[in-house]
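Written out below as structure tokens is the structure these notes cover.
Chains here go by letter, A, B, C and D, matching the order in which they are written, and residues are numbered from 1 within each.
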Amino acid sequence: MATDTVQTSPGWLQPDRLEAARGQLPIVYIEAVPVRVDHLGRVEGVGLLLRPQPDGTISRAIVSGRVLHNETIREALWRHLTKDLGADADPQLPAAASPFTVVEYFPDPARSGFHDPRQHAVALCFVVPIAGTCRPSQDALEFSWLTPSDVVNGQITSEALRRPRPTGPSRARPLRDQPQLIGPS
Amino acid sequence: MATDTVQTSPGWLQPDRLEAARGQLPIVYIEAVPVRVDHLGRVEGVGLLLRPQPDGTISRAIVSGRVLHNETIREALWRHLTKDLGADADPQLPAAASPFTVVEYFPDPARSGFHDPRQHAVALCFVVPIAGTCRPSQDALEFSWLTPSDVVNGQITSEALRRPRPTGPSRARPLRDQPQLIGPS
Amino acid sequence: MATDTVQTSPGWLQPDRLEAARGQLPIVYIEAVPVRVDHLGRVEGVGLLLRPQPDGTISRAIVSGRVLHNETIREALWRHLTKDLGADADPQLPAAASPFTVVEYFPDPARSGFHDPRQHAVALCFVVPIAGTCRPSQDALEFSWLTPSDVVNGQITSEALRRPRPTGPSRARPLRDQPQLIGPS
Amino acid sequence: MATDTVQTSPGWLQPDRLEAARGQLPIVYIEAVPVRVDHLGRVEGVGLLLRPQPDGTISRAIVSGRVLHNETIREALWRHLTKDLGADADPQLPAAASPFTVVEYFPDPARSGFHDPRQHAVALCFVVPIAGTCRPSQDALEFSWLTPSDVVNGQITSEALRRPRPTGPSRARPLRDQPQLIGPS
């Protein structure tokens, strides 16, 4: 990350400092499940991103990312949703302040059901209706709307997927911040 | 209620039967707090209706009404919101199924903090962002957007109000169904 | 239902009147998922009842029942939990007033995912930690604690079950009120 | 903080490192509102701590504190509740994972309604019934149960209070970590 980026984005840590903090503090994340709803608010589609992984495989992901210093949770939701789904996604952020659930990721896989090898992350999870058109950003191969029953039944395999999500949410989720945080790579 | 109305609206009870049921069963209501939100979902305005009361006074009210037989809660929310706020209100019903609170009204004022002299009502309460234009229906004198701080501080008096809400939510709320249910009165 | 029962339980309807109301109004129910939690509040067990059905089979059920006229939701939760799980169950009713979800049952199986052939029921659902000892009442054959992973994985079959729950929640749930309401009375 | 404390409490940062992180990352907090409930779960009392402030005044506080690295939210709730209310408090942590609200504190008082001069804190807020006996720890002068109406009406002044809470939640709340983090160590 270049110096001038740091100057204009004071919420970002220099990579080495973030790495140090990740070993010593829980890191605040947001996670958003994009949904299509009808006029009665009923969910008609659940959005999933397909992302290339460092090992050449593809995995599914929801929208997820870090909350920066001095950034509100709502601002972080907006930033990550419009970054991942495009500027025309028109996310309808909920009026309620509380997440529908909180997921805790730990470096130790046995600590909870959720594993993140890089850090202890506390993720506030929201369901966000998408009113606009999704044009996924460059690092996501594809964006798909699944039906709620597809999601519940786990029938979300696709010809485009060489193998299903390899190691759970922790593989897909942390990708969000890597280009900015771990350097040019 | 005329017979042909009953035929086309099978969810409605004839007035005498509803009165009988009201003495014997809790009645399901929805209540909706209309809000204006900004692009981050932050509440910028809270909508309140001003309604004429049978005694000639005016009181404030939120959107409220009965859930009919065979009607879903979402359908009841849509029906009451578009009836009270107009066809162009464009209410954004929440994707989540659960109300933010449940208010129980009892004929006995000492039973809970909420009183409804006509019935035992169980009201499922939702906050609903309004994306369109509100044109209140004929039985409401006026519709106003208040700021959240006005609502919290209770500074919602108005020259248009001859006296403040007389007996709490139970006065304003039950008016919703009276013309249809209790007849010409 | 005998006359003296009606006199001492004014919230109960005479069977014919309840049947009439069931065809014309949504009926308010509570549903409770009994759980065992550790000192950190983590769910260690989920309680399920096994109930004999009219057709001779056995089905699983959660605690469920009607809210009576003039009865609060909390009173209904307490009444049904202690009736089904015994007087020593010591249910820890939640301090929060809002259900974690609301399930709507309709006589028309295509109306929602939840079917109740007798009525349109609006069920407010709560998770209730049980601190005491469960001794199921006479109309329940057995009470079992399952692990959360058993429930999630659907591996809740048992030698005691001649066949799994036959027609979804609507078969097991409505049984709760039948002896009082539809019985020979 | 002495070296041996750091060795036995790996979740704690050395003071200088925590200060550095506080300027660069949002810090995860829990806040707990201790309540007394009756057998129906209705709130009968709301617990408040009275704490001496560095300027010699006394302020009210709820239970609040930082979530450590590798500590779950439930463990942090338990640790702070039993530390502040005593080992016999017997807090009944909720089975639900989601906070009833999330409060965001910022160093800039104009950023949200909540101000913390030391840091950007994201506080997950829970209501926790207390089943046991409260014996506040040494740094709290007194622990009081208020009625819900006292809390709602703001009538919580006391002869013991030389002046009411001086600068809002941010004064009382951050005290929790000060002895370890900002003290002479």
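Assume a contact is a pair of C-beta atoms (placed from the backbone, for glycine too) under 8 Å apart; a residue touches a chain by one contact, two chains touch by 3 or more.
On a predicted model such as this, the values are computed, not experimentally measured, just so you know.
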Query raised in the report: When the centre of a chain is set as the mean of its C-alpha atoms, what distance in Å lies between chain B and chain D?
Result: 38
Query raised in the report: Hey, how far is the Cα centre of chain A from the one of chain D, in Å?
Result: 30
Query raised in the report: Which residues belonging to chain A are in contact with no fewer than two other chains?
Result: 72, 100
Requested in this report: Counting only chain pairs that touch, give me the topology of the graph as line, ring, star, complete or other.
Outcome: ring
Query raised in the report: Which two-chain combinations qualify as touching?
Result: A-B, A-D, B-C, C-D
Requested in this report: Enumerate the contact residues on chain B facing chain A in the complex.
Outcome: 35, 37, 39-43, 72, 74-75, 77-78, 92-96, 100, 127, 129
Report summary line: chain C partner, complex, touching residues on chain B are 13, 17-18, 20-21, 23-28, 67-73, 97-102, 104, 106-108, 111-112, 120, 122, 124
